[in-house]
Every structure is written in C-alpha cells, then in structure tokens.
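Working notes for the structure below.
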Amino acid sequence: MNGLTFDIAHLLAGSLVLISFMMLYQDRLFALINVFALHAVVLALSVAWQAYIQDAHHLYITAAIALVFKAIVIPVGLHRIIQRLGIHRDIETAVGIGPTMLAGIGLVTLSMVLMLRVTPEADPLAREDLAFALSIILLGLLVMVTRRNAVSQVVGFMSLENGLVLAATGAKGMPLVVEISVAFSILIAFIVIGVFLFRIRERFDSVDIGALDDYRGERR
Amino acid sequence: MISQLAVQGAQMLVVLLLAPLLIGFVRKVKARLVRRQGPSVIQPYRDLVRLMRKEVVLADNASWLFRVTPYLIFAATWVAAALVPTFATGLEFSWTADLIVIVALLGSARFFQALAGMDVGTSFGGIGASREVMIASLAEPAMLLIVFSLALVAGATQLSTVAAFMGSPEVGLRVSLGMSLIALVMVAIAENARIPVDNPATHLELTMVHEAMILEYSGRHLAMIELATFLKLLLYMSLIACVFLPWGLYGASAGPKALAVGAAAYLCKLAVLAIVLAVFETAVAKMRVFRVPDFLGAALMLALLGTLLLFVSRSL
Amino acid sequence: MTGFSFDAVAAILFIPAGAAAILAAMPNYRMTATVNVVASLLTLLAALSLFVTERPAPGQYLLVDDLNIVFIVLNTFVGFTTSVFSASYIAHELETRRLTAPNLRFYHAMYQIMMFGMNLAFVSNNIGLMWVAVELATLTTVLMVGIYRTHEALEAAWKYFILGSVGIALALFGTILVYMAAQPVVGEGTNAMVWSVLIEKAAHFDPALLSVAFIFLLLGYGTKVGLAPLHAWLPDAHAEGPTPISAVLSGLLLNVALYAVLRFKLLLAASPQAIGPGPLMVTMGLTSLIFAGFMLYRRRDIKRLFAYSSIEHMGIIVFAFGMGGPLANFAGLLHMVMHSLTKSAIFFAVGHIAQVKGTQKISEIRGLTESHPGLGWALVIGVVAIAGLPPLGIFMSEFLVVSSTFARHPWLAIPLVFGLLIAFGALLLRLTGLAFGEPRGGMAPVEASYVPMYSHLALVFAAGIYLPAPLVAWFQHVAGILG
Amino acid sequence: MNSTVALLLCGPAAFLASAIMAAAASRLAAATRLVYGATLAISAVLLVTAASHLAGNLGEASATLPLGLPWTGARFRLDGLSAFFLVVVNFGGTITSLYGLGYGRHESQPHRVLPFYPAFLAGMNLVVLANDAFSFLLSWEFMSLASWALVMAHHRDEANRRAGYIYLVMASFGTMALLLAFGLLAGPAGTYAFDAMRTAHPDRFAAGAVLVLMLLGAGSKAGLVPLHAWLPLAHPAAPSHVSALMSGIMTKVAIYGFIRVVFDLLGEPAWWSGVAVLLIGGVTAVLGILHALMEKDLKRLLAYSTIENIGVIFASLGLALAFKANAMPSAAALAFTAALFHVLNHSFFKSLLFFGAGAVLSATGERDMEKLGGLIHRLPVTSFVFLIGCVSISALPPFNGFASEWLVFQAILRSPELPQWGLKVIVPAVGGMLALSAALAAACFVKTFGITFLGRARSAAVERAHEVDRWSLAAMAVLAAFCLLAGILPGFVIDSLSTVTLPLVGERMPVQMAQPWLSIVPIAESRSSYNGLLVLVFITVSASLAAFFIHRFASHALRRGIAWGCGFPDAVPAAQYTAVSFAQPIRRVFGGFAFRSRETVDMPAPGALEPARLKVEMHDVAWEVFYQPITGAIDFATERLNHLQFLTIRRYLTLVFLYLVILLLVLALWP
C-alpha cells in the first residue's frame, strides 16, 4: 500500500483516540454528548476510508449506520432525555478530571506496549488500528467507571463500541462486521430506552440497593 | 509340688493371722512413744471378734452391693497379699499375678469400697469416696511408675524375679532406686490412710477419708473391711521388705530350714518397718485434705524421675 | 453436508427456532407449556441421534465433534427436564397471578429462543457465529429475568444487561483479535474465523495477539461463566428471575460460556509462545471458589444462596480445566455434568419450596423434611450432592481434582481444599436450618413435579457409584482433546 | 472373585436393601422389628464369616467390582486386619440390632432412624473391606453421612442440629485430609489401588506428610485431641444404640483406617512418627478422661471416656510404630496386639455402657446424672451389667479392660531396648500418662455408677422407673459376659490376633493357649505373667471362704435403720454428693491446667439469710484455642466480603475494568 492511505487511516484512528480524551475531559452532559457525536462522525469517516482502501463495499453500510445512528439519532435522543430528567446542569464525574486524564494516558501507553509486541509481519495498518482501538475501548470503559450519570455511561459504552467497530473494520476482510455493528446499535438502543423507561437519574441502579435488601432479606 | 502348695497355703494363713498383730504392734509402739500404756498387741483380734458377734445395722436403702462389698474387698486384698513374697519367693501361684496385677487388685478393692461408700446416699459416703478416688488417682500412677522403674531395673514385673534380682549383688546403689523407695513409702502411707494423709483413728467426719466411706458399716461387714485394711498394711510392708530389704529370702522349694530363716528375717523386717511407721506417725501431723495432692504429686514426680534417671544411672 | 446427520444438527437448531415462532404466535396460552415441553423433547431426541448418526464434516459455520456433543446432549436434556418442571411451576404462577397470559407466551417463546441460541453456540464452528449465539442466549435470559416486572426483577435484569453488554463487547474484541492473528496465516475471509481451521494453524499465529485476545475472551465469556470478580450479575439474576430460568442459567448458560472459554483455551494451548491459559484459569477458578465460599455464609435468600454455590462450582471446574492433564480434565468434565444436573435439580426443589412457603427468605423456611418430605429430602440430597459428599457424582470429580492436584502441585491443593471446606460449612449450615427443626412457613401440600428433580438426582447418584465404560471412554477421549 | 469376599460383599448390599425397605415401610408398626431383625441376621452372618476367616487363618482374598472409579474399579480385599475389624464391626452390629429390637420401640420418629441404621452398618463394613482409595473414601464418607442422618434423627432439638452440623463439617475436614494423604500415596499417575500404593514407597517427606494427614483425617474421626470437639456433641445426640455404634464401633473403623495406611501402605515408618503418635495418644487419654470426670450428662461422659480409650489405643499403636521402626518385631507385635485387644475390649464395654445409658434414658427419660440415683433398686439387672461395664472400663482385674492395659504396660516396659534417647525417655512418661488415665477412669466410673445407680433417688422420674425390656437386657447381658470372657481368656484373643500382627509388623506374640492354666506370658514367665482366670478363681474362693466362715461363726442378726447423718434425721436426697461435687477434688487438682477452671465463693455476712454460692467457671481449652479463632476468622472474612453484594453497577464495572487492566499489565510485563 502507499503511504498516504496508511497515513490517513492512521490520522483518523489517532484523532478518535484524541476525541476519547476530550470525552474524559468533559464534565457537562451536553458537551459530552456533542463530543461523542464528533467521535461518531470521525469513526464514520475512518470506516468509510477503510471501505475505500479495502474496497469492501459492505463497510459503507457500517459507516452510514455510524453516521446516521450514532452521530445524529442517539445524541438527539440523549438531549431529549436529559431535558426530560432535568439533569443537564449536573456535574457528574466520580473521579477528578486530572486523575482520569492520567489514568487515560496510562491506558493508552499500556495498549501501545501490548500491541507493539505484535510481530511486524502482521499488517502494520492492522497493528496501528488495533493499538488505537484498544486505547479507545479502555478509555470508553474508563468513562463508564468514572461517571456517575447513566447518560454519560451510555456515552462511554458507545465510544467503547466505536473502538470495536474501528478494530473490526481495520481487520481486512473480516466477515459479519456489518451485522455486528447493527447488533450493537440495537443493543445501544435498548440501553438508551432502558435509561429512558426506568427514569434512571443517578446511576444504572434504579434505586438504592439498600432499599431492596429488605425484600431480599439480604440486609444484615 | 505339694510342698510348694503347702508353702503357698501357709503364706495365705500367715498374712491373714499376722495382719492384726502388725496393727496392734504399731498402735502399741505409738502409745508407748507418747508415754501411754496403750491397748495390748492382740487388741485388734479382740475387736474383730467383737464385731463378728455384733448385729449388723443396715441403712434403709442400702443395696445388695453394700452387703457384698466387704467380702469382695477382703478377698481382693487377701489374694493380693497372698501373692507378695513374704518369707519365701517363687511361690506356687506367684506367676498368676505380677506387681501390676497386685496394684490393680488393690485398685478394684478400692473401687468397690468407694461405691459402697456412695450406696447409702449420705454426704459422708460421698465425701469419703470422692476424696479416696482423688487420692487414688494420684497414688496409682505413682505406684505404677515405681513398678516401671523396678521393672526396668530388674527387667521383670514378676515379684519373685524382682526380689531375686534386688538380692543379687549386681544391683549396686542407684539414685533412681532410692527415689522409687521414697515414692513407694509415700504411696504406701497414702494407700493405707495413715498420717499425714489420713488419720485411721479420727472420727471427726470432715477430716475423714477412709473412715467416712465405711461410716455406715457395722458388725461382721465392718470386721471384714477392717481385716482387709490390716492386710493392706501388711501387704505394703512386705512389698517394701521383699523389694528393698531382700535379705533372707529363699525360693519356696528350699528346705524347711531355709524357710524358717526366711520367716524369722521377715518378722524382723516387719517389726522394723512397724516401728519406723509408728515413729513417723507420731512425729508428723495430719495435713489438710487438699494438701494431699501436693504430697502425692511429689511422690508421682519422684517416681517419674526415678524412671527417667534409670537411663542416666545405667549409662554411668 | 448431506444425509441424516445434517438433519440431526439442523434439527437441534430449527426445532427450537420453529417452536419459538409457533409459541410466539400461539393464540391459546394454556397450550404453550405443553408445546414447550414437546419441542424440548424433540430437541433432546435430535441431540441423541447425533450419537448414532455419522458426523458431518466440519463446515464453515457448523461443527460436531466429541467435545461439543457432550455439551449438546447435556444441554438439551436439562432443557427438556426444566421445561417439564417449568410447566407445573408456571401453572402455579398463573394461579397466584404473578404471570399473565401474554407473559406466558413471551416466556415460552423466549425459552425456545434461548435453547436455540445455546445449541447454536455449541455447534457453531465459527467464532463469530459462536459469539453471536452466546449473546443471543444472554439477551433472551436478560428479558426472562425481568419478566416479573417487579422493581427487584427489573433491577437485576438491568444489572445483568449492562454487565453482560460490557462482557459482550470484550468478547467481541477478543474475537476480532483472534481474527487478526489468524488472518495473515489463514488469509482473509470467513476461513480465518473457522475454529477447525484455526486450531490446525494456531501454532503459526502471532502469540502476542493471541495472548491479548485470550485475556479479552476470558473476561468477556468469563463474565457469563460468573467467575469472580465478574460475577456480579449472577446472584441477582438467579434470585429475581423465574426459578426455571435460574435452573437454566446455572445448569446451562454457564456451561455455554465455559464451552467458549474451553475452545479458546485449546486455541491458545496450540500456540507455544503465547501465555499459558492454565495459570490464568487456575487463578480465576480459585478466586471464585474461595470468594463464593465465603459469600455463601451471609446469604438470606435461598435462590441467591445456590447462585453463589454455582459460582463456587464454576470456579472448581475452571480450576480443573486450568490444571489440565487427563485426570483433571476428566474431573472437570464430570464435575460440569454433575453440577448441571444437581444444581438444576436443587432449583426445581427450591422453586416449589419458594412457592409453597411463599417466601425466598431462608430464615422463614424451616423443617422442610417434616412439612414437605418430598421436597425436603430432595433438597437434602441435592445439597449433600452439591457439597461433594458421596455416594453422589460430585464426590468423584472432587476426589479426582483434589488428589491429582495434590500429587502435582501440593501448594495449589491447599487453597482448593480450603475453599471446598468453607463452602461445605456454609451450605450445610443453611441446609440444617432449611430442612430440619420445627417446621415454619406455609404447610399447604404442594403439587410438585417430582420427576425432573428426582430423575436428575438419580442420575447423579448412579454416576457417583458407577460410570458406564463407554461414557468413561468418551470422557477420557474428550479430556485428551482438551490436553 | 473369591467366595468369602463375595459373601462379605453381599452383606452391605443386604444392608442397603433393608435400608431401602425401611425407607419404604418405616411408618409401619412392624417396621422396627423387621429392620432390626434383618440387620441382626445379616451382621450375624457376616460376623460368623469374618470370625471363621480370622480363626481359620485363611490368608488373603480379594475381589474387584466394575463400580466406583472407572479405571480402578471398586476393589475389595479381606486379610487378617480387615477380618478382625469386620468381627468388631459386625459383633457390634449384631448386638446393637438385638438391643434395638427392644429399644427401637421407644423411638418417636422411627422413619428417621430405620432407613439410616442399616446404611450406617453397610458403610462401616465397606470401609473395612475397601482396597482402593476411592472406595475407601466413598464408604468412609457414606458412613459419616449415614451417622449424621442418625444424629439428626431428633432434629427438633437445637443442640442436636448443632451437633450434627459440627459433626459433618469435621467429618468432611477429615475426609479432605485423607483425600490429600491418598493423593500423595497415589502419585501424579493416580494409581488409587491399595496394592499399587503398597509397592510404591513414598520418600521421607511424603511419608511424614501422609502420617500427619492420617492423624488429622483418621484422628478427627476417632476423636484425637484437639480434633475431638465434635465427638461428645454428636455421639450422645443420636439414639442410644446408635451412640453405642458410633462410640464403640465407628471410632474403631477410624483406627482401622489409620492402621491400614500407616502400618500397611506406608511401608517402613520413621522412629519419630512413633513419638508423635505416642504423645498425641497419651495427651488424648488424659484430657479425655478428665473431661469425662467433669461431665454430668451420662451419655456425654461416655463419649468423653471413648476419647480416653482412643488415646490409649493410639499410644500403644505409636509404641508399635516405634518398635517397628527400630526393627524390634516381637516388641512391636506385643504393642500392636495390645492395641487391637483394647479395640475389641472397648467395643465390648463401651457398647454395654451406652446400652445401659439408653436403658436408663428409656426408663427415666433422664440423661442428667444429677437427676438420677438409686436406680440399683429400680433396675437391678441393668445396674448389675452396667457395673460390670464400669469395672471393665476401669481396667480392673479380672475383666477385659485390665488384660489389654496390662499388655500395653508390658509393651512399655520394653522401651529400654529402644536405641533413640527420645523414645527411651518419652515412652515411660507416656506410660505414666496412661497409668494416670487408668486411675482417673476408675474414679470417673465410680462417680458414674455411684451417682446414677447408688444413693437415693434425686428425682421423681427415678421413682417411676421400671426394668427395661428383655431384648435390651439380653444384649447387655451378652456384652457383660464377653467382657468377663475376654478378661479371663485373654490368651485366646491374643492367639487369634496373630494372623493380624504377623503381616503388619512381621512378628507375632508367642502362642498363649499352650501356657499352663491359660495364663498369658507376653515375653517370658520369669519376666511377667498374668492369669485372669486364676485371679477370678482365687477371689471367688477366698470371698466365699470368708462368707462361709462368717455365716458359720458370726452373728446373723441384721437390723435396718436410718443412715447416720450427724444426728440430722433423714436428710433430703439433695444433700447427697452430686456428680459435680464428687469431681470437685479432682477438679481442684487437674482443673487448673486442663480447663483453666476457677472457683469463686461468695459467702454472705454472718447472720445474712441468703445462701452462700460457689461458682465454678471452666473452659474447654481445645475449643477456645483451635475452633473459636477459625470461626472468628470466617465470620470476619464473610463480614468484609459481604459488602461486595451491595455495590452499585458502576462499582462492579470498576471491578471488571480493574481486573482487565491488571491482566493486561501482567501480559505487558510477561517476558
């Protein structure tokens, strides 16, 4: 392959990681969602690019899904929810921004270290892609565990899933990619609906566990 | 064979007849030591006969066990006493029981005596029995340890063999034997309910041990028990005599002349031991019941030390 | 792939799928339970026919080998007995109005879909397909756990759902990594996901990629196996869902995930430079065993108690497979089968007990052997079996695991034995309270379906005394495959 | 498939069949008679078979069934050792079934006893026959399980439930220890057949580990201190005839397990192994009987005295080990024979005593000695046989307990020939311990019989008591007879034990039946000899002589009167000595170190009316030192870990996340 394609792919993947960091940095919900929308757009671009260089046309579908569903539908929906629940003012990080960023940097290094152990015979593009994907996934998890708010945890999960799609599309000729991305979109839809249905404000836990224990007899 | 049977029989009669005399002698000496005239030496015989003549007063709820016990005690003690070499070793039936068995026979006598003490259901019987078994629970192991050390020296628990060995010159002087002797004496004092462990003459209930157990006995039953206690004293004295003063002991098969010598020697030993006992008893005072464990514990430790020192002294 | 054999494989997939469709569309909800039972029975028969028919050659998507036949037969069998139990259980739930007719239709349809998913997971030769199947089964169970719509049920389902989704994601990433590792060697396309192809060429795969992949797969599927500390969804899901589902979860779904882990363990073992999967599995197994053992003590909810005991036993099984070697693998397989049978039997009993006593609180259930001898003694036998006492099957597997471990790595056997004893003490403590003493709680006679639980217990008992030679040969062969 | 073994294997099968039958028919009225009749017949047949094999010295026979562990099969083997223990087990089974025929009728819930009783017997038989690790452990644990069910028979009583729980947990602990031991013996290849283990000699470390594990495993079942805690709880909780089986027989099965592994499978022992077993045995004996002395519950007292006897047996087994390790086969044979002899004796008199306790229980409904007393008037026969049991267990001549203890002492007296100084010194010390425990045992059973049967009735229940049924009396009478027989004919037992000792320690005791007058001479007549028969004869003769003399010459007058109470007329029965007060002097002597006991008296001021009070506080040291810390630790751990049940989903996710990161880190640092 020529350098350019590689560089573009590299650039897009790298910018995804960057955007993940931006997510870590956001502590307002609206901002977070907007950043995520950006994340989704860049993902769509990178997928489309992969589709182009691998001329695997089914990947365009994935790109489209990413663009339409993740960059537009979900963010809008989440905006709605936030207004409904009236939590748009919340500052909802469980851990301070600084430590989170440090942790994020640590995670990225970790994933780099892991992936660079991979023997160079493997397709270099795949290698880089994997390194970035792994960092995105870990950062997504980090978002999930450092945020109190259900919505932002959904966002974290979605960014994690973006990392998966990135990895999947980066893997040349991997079957089922489209199906998987569809499946995941449905999964996320479920989660969002769940958040909406159960009026989950603070955490995923619909109420304080303690209240349940009496029923369960698990109270000590 | 016949002669040996005769010797055995003679031994049984001798111990039976000698036991009250021994007690009488001890009492006499004690009386003299405190400048009293004292009853005559044969007073114990008279007591026994009088007891025989008296009627038995039996507590209301005394059971059959209470009435059988005196005979059992007497029988067990008598058999035990008959198996200890007195004036001759190697008796016909000496192999029936070794030293351990003799100890155990006395143990069973005590077992039944304690039971009889509890049968009537008065608190005195209880006191006596519980104190008796407490004393026994220390005295018996001490006795067995003494047996151990003797057996480890002589390589046998068979009294005749032990006596023969102790008579032989190769024994020499051993620390552990001395310890065993002291322990044996202490055990003997405790077993026979002598001062300082118990006072055979007391009738103040709270100080009694042996007397409390037999408080309910009267008449012929009491006679049996008394005789048994006399026998027991004799037994221990002859035991000490035959193990630690094994001079003038001949095999049962030896001629009548030798036996006569043996008998004479035996009487002298008894007399000596009786006097020692009397002197000791007049010299010391009775101790509190709960000091007794210390006394016997000392005996136990001595016996154990004796056993352990054996290896040292042998290796010397 | 032609011939009857294909039909057998297809049957165990299509019968549940078709039944699900029928059940979903069925107007008469009273019939649904029966249809469910019939469908499960047919599936079981189809699975059994796998023994007699010759195997299809491994295709791109489907594979039948000695390893998964064991799982399939166990799966369909327990699926069938559970459907029988669920019929009587659900009838009672209808009386007590905890479930309604539409619920019922939904429930049975979901049941069949779940069976379909699990069977598919077993027969799939394609790691991507296997992933899809496992997730399908998981999501259906999520919906079933929440079926009561009570606050707690929804909360449990939600927890299950979220943790499960994360697990899904991790597993998928692992799968992708495996593909990436395979792709340079096998070439692009589906082939790089076909397990039977992968296992041949695994030696040439990139070890580093494989190692990372295995960690993600172990965590992803391990979440479903319920290994500590990934177990969090399991106790609540068991406690809040309908008891037949608890039985299926413990008895089957955990096995599905375990099966996936085993497949990838083989893959990893085939590549010498990659990290050994053994130590990881041993560690996770021991952690789960001891952790669950301690957690058992303070449980107040009877179903949650046995859920934790499932975690404990999954720990033992994973430990055994992690140890590897013919003896330990044999023990692991045996233990897995025995655990499925016993645990589902226990849940059958517990379901009826909870229904008749009207509570799941352990403290409110006493003296079952007095009030309901049938259920009480079933519970006693079940717990005695699960606690690893002879003459029941689990004793044999624990005997093999412990003794073989001690002979090879004594320092590993100590924590193992420790965990076993801890768990034993807890289970017995609870059993003593539940089964003995002054009866407490509802005394009404119960119309229970004793056949499923006692048939399971009978099997477990028989296995503890006598394993038929062909079965043993089969297991030894499979143990050999597992290396 | 040898025919004898086949017959012996039919026994357990028949037991299990009758267990199933019992489960089916347990609510019938006739079920009790049916079941106990069946077990009686079966175990009688087994007893005869095993006894003939033992007496006939028929060597070994083995069989393999296609059961159990697939590639090993269920192997069974009958040799001298297992034959002897089969005799013990099935004699116990026979006599207990006989007793049960009568006693079983008092059972309130027969359906909780009848099915498990035959299963229990089957388990014990199978343990003794098993010839591979799996069958052994399976039968072993099955035995525990069946006995657990029997302990839980009266499950409405909280104490029984607790006892059952502790029992099964300890049993499982023991099984785990045995499992580890067998794992070592089997080696990585997993050769679980005993024959294979016998040939493969483990290295020194492994052998030591196996010995320790056996002490833990078999010891916890047999009741070695400090693993005894379950025993005094569980044995009394079961119905009395089952208590007799558990205490008299099951502990012996545990000893069988120990002998089988340590003497048979393990090969040549190291001398220090003897030391370990000796010391544990001695300590167990002393502590067990001290506990028994402090006890006032009749059945618990008996259970504790079981611990003492187990200690004696283990001590003499340790002696045998020491001699065997030093290639002194004749001495080893002496010690080993003594141990086995005591096994037999203890099974006799402990069953007898538990039967007696059961009789008392069914007659008065009381187990608490403080509420009994004076039963000798109410239960004449029971009290007589119980007395015989007490005399035998107190090791008094001419009964059987003394014979075996005498042999133990004779074995101890051969210690000077041992080369190691440690042993030279320790053996006599342990001998002292055994002597002490024997004396204490005598004291303990004076108390037992005196408080329970003698004196005056302490409760109304005693007044209403009546002699128990014929079956029970018959069973007890037979046992009493055997206690005496084994006491006066020890030579016979010793000779029939030769087939057991010869293969295990490589030597046998000299033939005894050839001795004149049936006396026993373990080493040489000049050294030591004992003749129970003659002792009995002498005592009888001299006692009857005395009686004859008295009745011939002394007065026959006899008057009944009230007992002397310091001038107080008829003191209330409560004024009698109680079990506790009887033990008080001994408690003062030994309680300090054995129980950390403390006495406090609060004496009211002179003239004050309230009574003076004596408070005694005692501690079960073993329990406090070994068990409470463990339970405390478990409680602490559960308390801490339990918080993990109540985390929020975010925290759970954090757990997953951290775990993932840690694993990835490990991988990153992987070489």
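When the chains are written out, they are named A, B, C and D in that same order, and each has its own residue count from 1.
Note that a contact is a pair of C-beta atoms (placed from the backbone, for glycine too) under 8 Å apart; a residue touches a chain by one contact, two chains touch by 3 or more.
Composition by chain, UniProt nomenclature: A = Hydrogenase-4 component E.
All figures in this text were calculated on a predicted structure; none of them were measured in a lab.
Visitor: Please remove chain D from consideration and report which sets of chains remain connected through touching.
Guide: Ignoring chain D, the remaining chains break into A, C | B.
Visitor: Chain with the smallest distance from its CA centroid to the overall CA centroid?
Guide: D
Visitor: Which chain's centre, taken as the mean of its Cα atoms, is farthest from the centre of chain D?
Guide: Centroid comparison gives A as the farthest chain from chain D.
Visitor: For the pairs A-C and C-D, output the one whose chains share more C-beta pairs in contact.
Guide: Output for the comparison: C-D.
Visitor: Can you check how far apart chain A and chain C are, centre to centre, with Cα atoms defining each centre and the answer in Å?
Guide: 31
Visitor: In angstrom, rounded to a whole number, how far apart do the mean CA points of chain B and chain C lie?
Guide: 78
Visitor: Roughly how many whole angstrom separate the Cα centroids of chain A and chain B?
Guide: The mean C-alpha positions of chain A and chain B differ by 99 Å.
Visitor: Can you compute the centre-to-centre distance for chain C and chain D, using the mean CA position of each chain? Integer Å is fine.
Guide: The computed centroid separation for chain C versus chain D comes out at 44 Å.
Visitor: Where in chain C do residues touch two or more of the other chains?
Guide: In chain C, 158-159, 162, 166, 212, 298 touch at least two other chains.
Visitor: Two-or-more-chain contact residues of chain A, please, as numbers and ranges.
Guide: Correct list: 114, 117, 141, 144, 204-205, 218, 220.
Visitor: Among all the chains shown, which pairs meet the touch rule set out at the top?
Guide: Applying the touch rule to all chain pairs gives A-C, A-D, B-D, C-D.
Visitor: List the residues on chain C that touch chain D in their complex, please.
Guide: 158-159, 162-163, 166, 170, 211-212, 215-216, 218-219, 223, 229-230, 232, 235, 275, 280, 291, 294-295, 297-298, 327, 367, 369, 384, 387, 389-391, 395-396, 399-400, 402-408, 413, 417, 420-422, 424-425, 428-429, 432, 436-438, 464-467, 469, 472
Visitor: Considering the complex alone, what residue numbers of chain D touch chain C?
Guide: For this pair, the touching residues of chain D are 66-71, 133-134, 137-138, 141-142, 145, 152, 155-156, 158, 161, 164-165, 168-169, 172-173, 176, 179-180, 182-184, 186-188, 190, 192, 634-635, 637-639, 641-642, 644-645, 647, 649, 652-653, 655-656, 659-660, 663-664, 667, 670.
Visitor: Spell out the residues on chain D that touch chain B in their complex, using ranges where they run on.
Guide: 373-374, 376-377, 387, 391, 394-397, 402, 406, 409-410, 412-413, 415-416, 421, 424-425, 428-429, 431-432, 435-436, 438-440, 442-443, 446-447, 449-451, 454-456, 517, 519, 525-531, 534-535, 538-540, 542-543, 546-547, 550, 553-555, 557-566, 571, 573, 575-577, 581-586, 588-589
Visitor: Inside the complex, what are the residues of chain B that reach chain D?
Guide: Touch residues, chain B against chain D: 52-61, 63-65, 71-72, 74-76, 78-79, 82, 93, 95-98, 100-101, 104-105, 107-108, 110-111, 114-115, 117-127, 129-131, 133-134, 136-141, 144-145, 148, 151-152, 155-158, 161, 205, 215-216, 219-220, 223-224, 289-290, 293, 297, 300, 303-304, 307-308, 310-311.
Visitor: Taking the complex as given, what residues does chain A use to touch chain D?
Guide: Within the complex, chain A touches chain D at residues 94, 107, 110-111, 113-114, 117, 138, 141-142, 144-145, 147-148, 153, 203-205, 209-210, 213, 218, 220.
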